[in-house]
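You will see chain A twice below: alongside chain B first, and alongside chain C after that.
Now for the complex of A and B:
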């Protein structure tokens, strides 16, 4: 079956099974999945109770496309790639799935996907705390991030 | 929540969602999953149409326990591990899932899990072909395998 690369940014929930089905293939023996979830960190006496994501959607979509092309160039046996990143108030956040005939390619490819997503794709995250505060968090791994431009606001 | 390590060998199908639920945790932001599936290889004019797995169950269970202890020693932040390996006539075969607060630990841990499973755990695989033949395949990565002891039989 032909290689596919569905990518989506959406406010809707997608089940893990739907994403697994999207990458299953009779030519593949390996499916690697990464699911990002809300980690309820406690820091400075307040606890994260949820996350909110916003994106510059057009640019994020174009970065997803570039990233998937890069993955296919690095691991030519990669067959299907499915990227689903949620926006708005969410948990869990992102199931990413990659299938390949043998396991090493899909495992290495998924790690690069998530590393590059954190580094290059314009999606922002707001942590919401149990103290009614929230703050937009920048990604420390992001190439155009400056560690001190995050802002706080009340919810 | 306390770290858990459910492992099972079974003839029953387990949904990916059930396994994801087993490792989800409010202290974790990362879930890494590996799903082994039937790759319909074609070789020498015959095509694999399915796989059959058998295990030395007591020893496999004890190897799973050792492997999970090794993973926790190498990546102490790993929270939940869930191993499910199917036996009998199957597809898909094995969902393995590991959760950790940050992604690198769960990603590295799942790779080691699958590598060690292939190398040390007494589970045997029979390929069944569209020509009505079948053959028990040994695992080339297995420490006690000899490349030429595989046998063929008719089904």
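Now for the complex of A and C:
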């Protein structure tokens, strides 16, 4: 049975409780949660004052669906997956939750979920600095990133 | 044959072109490399993303290279700079 896998991209403040409720189940003894937050980073003396997230929303949804199918194939006991990601101007929070009967599967699954999201989901993050300039970041997991120049494999 | 495709720009490519979305007439079938070249002709500043970009045709990633795609009117072709979600 394909348990529900609600995922959403939202411009509103995200509720961790809402995401917990979406994955809670009487058959599950474990919920793994990842909450991505904004680090107060400093880069060359410039302080990050916020982030702006942009997405190719239609494709992010289809890639999320593929990602959830991948997780379920590797860990068939995973019951619910819920991923929320903010768009627009952001301070924290990105709560992701995966539930399973026992904790090992949900912990492994959430690791993969984060890695695969960073590699494949069409979402981009711009850091905005207190010097009024900004820069688009790149995930090392993304095979066409300049941070990953040794790879020229096709996606 | 020519297809009127909807080209979508994201992130840095929006800043380079000044455009989020435009309709472009593209020959079909066509290699993904030739699609990229066509977009470079329209927006030379996209060359900043050379070797750091892939395309997405009908929401499927396509590397810039020899792969041939068939396009139809209304298909979405996206310019995809390196990802930074999560």
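Throughout what follows, the second predicted complex is superposed on the first by the 143 of 155 C-alpha atoms of A that agree within 3 Å, B and C clash if a C-alpha of one lies under 4 Å from a C-alpha of the other, contacts with A are read in each partner's own complex, and residues count from 1 in each chain.
Going forward, a contact is a pair of C-beta atoms (placed from the backbone, for glycine too) under 8 Å apart; a residue touches a chain by one contact, two chains touch by 3 or more.
Predicted model only: the values in this text are computed from it and were never measured.
In the superposed model, A:114 makes contact with both chain B and chain C. Within the superposed three-chain model, A:36 lies in touch with chain B and with chain C [touch as defined at top].
Look at A:103: by the touch rule set out above, it reaches chain B but stays clear of chain C.
Judged by the touch definition given at the top, the superposed model places A:136 against chain C, while chain B stays out of reach.
When the two complexes are superposed on chain A, the residues of chain A that touch both chain B and chain C are 36, 114. The part of chain B that touches chain A in the complex is made up of residues 15-17, 20, 24, 26-40, 92, 99, 101, 103, 107, 110-111, 114. Across the interface of their complex, chain C is touched by residues 36, 53-56, 58-60, 62, 85, 94, 114, 117-126, 136-139, 141-142, 144-147, 154-155 of chain A. Residues 8, 10-12, 51-54, 56, 59, 61-63, 65, 67, 76, 78, 80-86 of chain C are the ones that touch chain A when the two sit in their complex.
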